[in-house]
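I am attaching a structure below and will ask some questions about it afterwards.
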Amino acid sequence: MLLQQLIQGLAIGSVYGLLALGYVLMWQAWAVLDFARGDAAMMGAFFLLIFNVFLKIHILLAFPLAIAASALTGFIIERLAYRPLVGAREINRLIATIGAGILIRNLYRVMFGADPFPFPTIFGEHPIYIKHLMIVPQNLWITGIGFALAILLRLFLLKTWRGKAMRAAAQDRETAALMGIRVKNSMTLTFVVATVLGGIAGMLIAPLYFVMADMGVLIGLKGFAAAVLGGIESVTGAMVGGIILGIAENLAGGFISSGYQTAIAFALMILVLIFRPSGIMGRRL
Amino acid sequence: MLHRKRLMGVVAFLILGLCLSSVTYGAPPIKIGIVAPLSGGAAMVGDTQVKGIALAIKQINAQGGIHGRQVVYYAEDDEQIPAKSVNAVNKLVYQQKVDAVIGTVNSSCTLANMEITKRAGVPQITPISSNPKITRLGNPWIFRLQASDDQQAEAIVNYAVNVLKLKKMAIMYQSDDYGTGGKDVIVRRLKELGLEPVAVEAFNPDAKDMSAQILKIKNAGADGLFMWTMYAQGALIARQSRQLGLKVPLMGGGGLTNPKLVELAGEAAYGLLNTQTFFPDPEGASPEAKAFIEAYKKEYGILPDSNAAMSYDSMMILAEAMKKAGPALNKKEVRDNIAATKNYRGVTGVITIDKYGDANRDILIIRVKEGGGYEVVWPKH
Amino acid sequence: MGTPLLKTQSLSISFGGVHAVDKVDMEVEKGQVFAIIGPNGAGKTTFFNLVSGYYFPTGGTVTFKGEDITRLKAYERTRRGIGRTFQNIMLFRELSVLDNAMVGLHSRLKSNLIGAFLRTRATREEEERGREEVRELLHFVGLDGHEDNLAKNLPYGMQKRLEIARALATRPELLLLDEPAAGLPTQELSSLVEIIQKIRDRGITVILIEHKMDVVMSISDRIMVLNFGEKIAEGTPEEVRHNQAVIEAYLGKEE
Amino acid sequence: MRSLYSKLKIPVMLVVLYGLPFVTQDPYVMHLANMAMIYSILALSLNVLTGFTGQFSVGHAAFYGIGAYTSGLITVKLGWPIWAGFIAAGVIAGLAGLLLGIPTLRLRGLYLAVATLGFGEIVYQILVNWVSLTNGPKGLTGVPSPTIGPWRLDMYHSYYYLSATALIVVVFLVYRLYYSRVGRAMLAIRENELAAEAMGINSTYYKITAFTISSFFAGIAGALYAHEIMFVSPESFVNAESVSILCMMVVGGVGSIPGSIVGAIALTIIPEYLRAVGDWRLVLYGAVIVLMVTYAPQGLGGWITALDHWLAGTGHYRSGRAKKDKVAAEV
């Protein structure tokens, strides 16, 4: 029973981790707590739904199309709601993301209605049995892709020139600009990458949790808590924070009380913050 | 980009709204106020409520309206927040000066906003709120079409224990007024039958991952699972139970009945049992229900669910009461006529309003057939 | 000679292996102007931060008027009479000049939350007396007429003087001035020296970190020289001026 | 001689505020007015925390909820008089603020935000699950409406006098705090905590005081809500409510007392006016929020204070806190 809980915790944990990556990037480049991250997941899921289900495009083509669409939407939203506020105070930028979130969620509700849309499972419905443990293939893919993306992102940020430019711009806009980094482009790139990451998270969970306008809110919140739990500066921290939150939630639900499941996960997060004010991974990337 | 069928539904809905408000023969229109959650988590239910009422109004107007006066409606969103629900009903009653109010979905919002119609003396029918307390607070102006939790939960427990002979049942309920209401009655009824639930697990209304609860129930060795939630969450539980190897009869309340349940849950939904007063399958449904299903499908391009049917019946009963009340449409008279409704052959069964304002009628138990569609398994006749 | 006003015994602190301040012993008598000089990075400001409670040392003690204050928090030391200014100005930018100075007076006033809400006569009088005292201090440093300007709107020189006025408002017995002359145009140096002398005439002991040697030499009674966290010399301005170790520290060793 | 405007400013505002029920008693308008008063108190109470000490809370609805339930439970289950309910609401919420303030002291900015967000979620889950105390999601019905002397405030327009007076008392107390030694210490902490400590201010004490006062006022707002709507349920205290209180404060202007009131009234009324556009209502509401924080960074409070100065005949932009209270807080 415990092992099964851990597996389920790992699966939902890596979804939180994926979303947390978006928060880490947004914090890195924009130093803002972005409340609309959960909605990036919703948009990604809807794009895949449109291409794959409505327009009947094969999944292998629909997936990249949806990613491209997410990137484009990210680009547009950055221009409208985020770019004008670059110099503004942190609290104003935070409220702008809240406003953007409300706007996006309700726009999709008006366009697609409030009903959930089913999504054909991409990776097969029947669980794989190992002794008496059940593993849903979809969860395997979520965890796998989640970690793959985290590693890719880490390499990108550490090794590639573009990645270093993004981090430099995040840490000190003025000096980075002096070093010839086009700071504005680098921030746009970061926003687009964060939106695509969120979109991929949405696409991965679509088959499990259906696609609807409000799907991003709760998991967005959890992704945010995971990012902070892991130490908002660190990419690996985001994944670690996500896994811990996912497992804690599952164990709490299973062994303590399902009613207080989310509350216990948040209580854990507060405890961690009190003893390590800058998250588990602290400053390291 | 829009889903083709969906597009047609939206366009039709708009035309319906426009033509209603534009068609006025001299005499001022009769105004119906609709309050429902049109944004946020429960928007899907609010949306259906408005569609059900709108269809009823269209049919009434087609037959010359009431006392020669056309009927129009005003829909206000309450975002499933009590304070906003009070705003919405205030606006309907005092600004738009409606003749009657139909709504809302969440019991906590109905409990908050029914004070207004009581004080203003405006008849109000809630088609969907199921909290028993609504009709037990001595408010003469509130009526409820939905079979209350007591009636529905008792019916499904009796069926599970007496017919299916289950012994170790578990309960999963949505941690809001709808879910808690059902759970309390199930636990009470099980005790009356000398049984104990092996597991009682709550979940957040917009939670997605239920594996923790399902595994706990599986380990408790449950032989049946009552799910007191709406169809979207019900589909999630059905799928995740199947994936996690919990293969037991799934049972629940009226909230589970929806054509999209099978669409969302796939085969995991086959065999699902739930209480209902509205038989959603055209074959085997009562003549009124069949006519309603066809009209709804023609109008919106999608099959109706119990919420749409309940809303439709609410409007029809209100119309009957208004017809009997004479052209002046005295609100007290209309109220009395609603209260006096006897054996009204509605879409959701033969309805009689009891002294509390609840709609009494026999409760069906329906089962999702393999391959989709419903069949009545109780009462056997 | 009575007990020294301030005494440090082998005071030291290291950040990850780097000994910013390394076993410094020193004493300051009441009424003195005690200067601390040394090349950049010698640990002067770190020493100040140890005395004022900004950091806690990794070794040694600080005693003030005979009381061991090594483990006291910054605000507790201020209440005991240690006022300070900051090397890089730390004013309350969005508050007015008057309010900046009034904040210095904070620990000397009594009115609490109840007093604030009820605005009792005692509170009103206390505030009025406080404003008077602060206006006098602003006049003392030559800032009268600017009471209502926001601190951030003041020119650099005036901001430096406001820091001094704010520190004086804590009614210190010992005032730590961290490079008060840094960045000041030459014509303002003389008025600064004058202010420091007037502070001393009020019986307030001053410890001064300063690079401008003419200012240091003209007003200090004793000078301590720090280099790489160690005290390499102490004495009167004359003794220090001719001390070989000091010259080497500044000008480097002849080959 | 103070200009006519400065002398008349306060009396005119009071007349306008108390005069509203004479203009219209339409329950739709009066309920909205009551909610505007309640949200103004909430935005003001959050401003005491963020505007004064720079501490950042995204879980303020928790104290709003605690206050509502405390007053509701005391008057319904224990049958105590309503003024006892109000006081208890403030005190219990204040204690809860203390409970949250102490452990989260070392947290800054984003981390404090997420800790308070978590606290808000925990309190909501307690309200939902502790059925024996709060009656759970079914909520608490029959919360009595207050009677003061001969008047029974069960109608919205009569209740309005209570909510308007409560707002005035809170505004009065917040101004008193703002211009006091305690207030000054809090502002110093917001500006530069280290410098404040060097001036003899025990920043821990004052940050906790700010948390307690802020949650005390939020508790009072909760009690006001409970007795106005006569029904209390957990849905009204979800973290989306904390987010809207935060929006009201920021749109009004962090650190600006009139701004919080105007921000709260604006964001209570705008969604109602947008009802006319039906489905697109919340889409426009989101857009309004983005536009407001982008093009009015100092918030509405900034404009009000500038107008106040211009009208008061002081013409140019007088700085210094004594004259005006616009503090563009660099939070």
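Order of writing sets the labels: A, B, C and D. Residues in every chain begin at 1.
Criterion: contacts are C-beta pairs under 8 Å (C-beta built on N, C-alpha and C of every residue); 3 or more make two chains touch, one makes a residue touch a chain.
Predicted model only: the values in this text are computed from it and were never measured.
J.: What's the chain with its C-alpha centre farthest out from chain A?
T.: Result for max centroid distance from chain A is chain C.
J.: Chain A to chain C: how many Å between their CA centres?
T.: Centre separation, chain A to chain C: 50 Å.
J.: Round to the nearest whole Å and give the separation of the Cα centres of chain B and chain D.
T.: Each chain reduced to its C-alpha mean, chain B and chain D end up 37 Å apart.
J.: When the centre of a chain is set as the mean of its C-alpha atoms, what distance in Å lies between chain C and chain D?
T.: 41
J.: Please list all residues of chain A that touch 2 or more other chains.
T.: 106, 109, 257, 259, 262
J.: What positions in chain D touch 2 or more of the other chains?
T.: 128-129, 279, 281-282, 330
J.: Check each residue of chain C and list the ones that touch at least two other chains.
T.: Chain C, residues with two or more chain partners: not present.
J.: Of all possible chain pairs, which ones touch?
T.: A-B, A-D, B-D, C-D
J.: Show me the residue ranges of chain D that touch chain A in the complex, using the header's touch definition.
T.: Interface residues on chain D, with respect to chain A: 50, 56, 103-104, 106-111, 113-115, 117-119, 121-122, 125-126, 128-129, 239, 243, 246-247, 250-251, 254, 279-283, 285-290, 293-294, 297, 330-331.
J.: Name, in rising order, each residue of chain B that touches chain A in their complex.
T.: That would be residues 1-3, 6, 10, 39-41, 43-44, 46-47, 175, 201-204, 206-209, 211-213, 215-216, 219, 232, 235-236, 239, 243-245, 260, 263-264, 266 of chain B.
J.: Can you list the chain D residues touching chain B in their complex?
T.: Per the stated touch rule, the residues are 26-28, 31-32, 35, 128-129, 131, 136-139, 141-142, 225, 229-231, 233, 235-236, 272, 275, 278-279, 281-282.
J.: Going by the contact rule set out above, which residues of chain B touch chain D in the complex?
T.: 38-39, 75-77, 79-83, 86-87, 90-91, 93-95, 106-109, 111-112, 115-116, 120, 131, 133, 137, 175-177, 179-181, 202
J.: Which stretch or stretches of chain A touch chain B in the complex?
T.: Touching chain B from chain A are residues 1, 4-5, 8, 11-12, 50, 54, 106, 109, 111-116, 118, 125, 127, 134, 136, 205, 208-210, 212-215, 217-219, 249-254, 257-259, 261-262.
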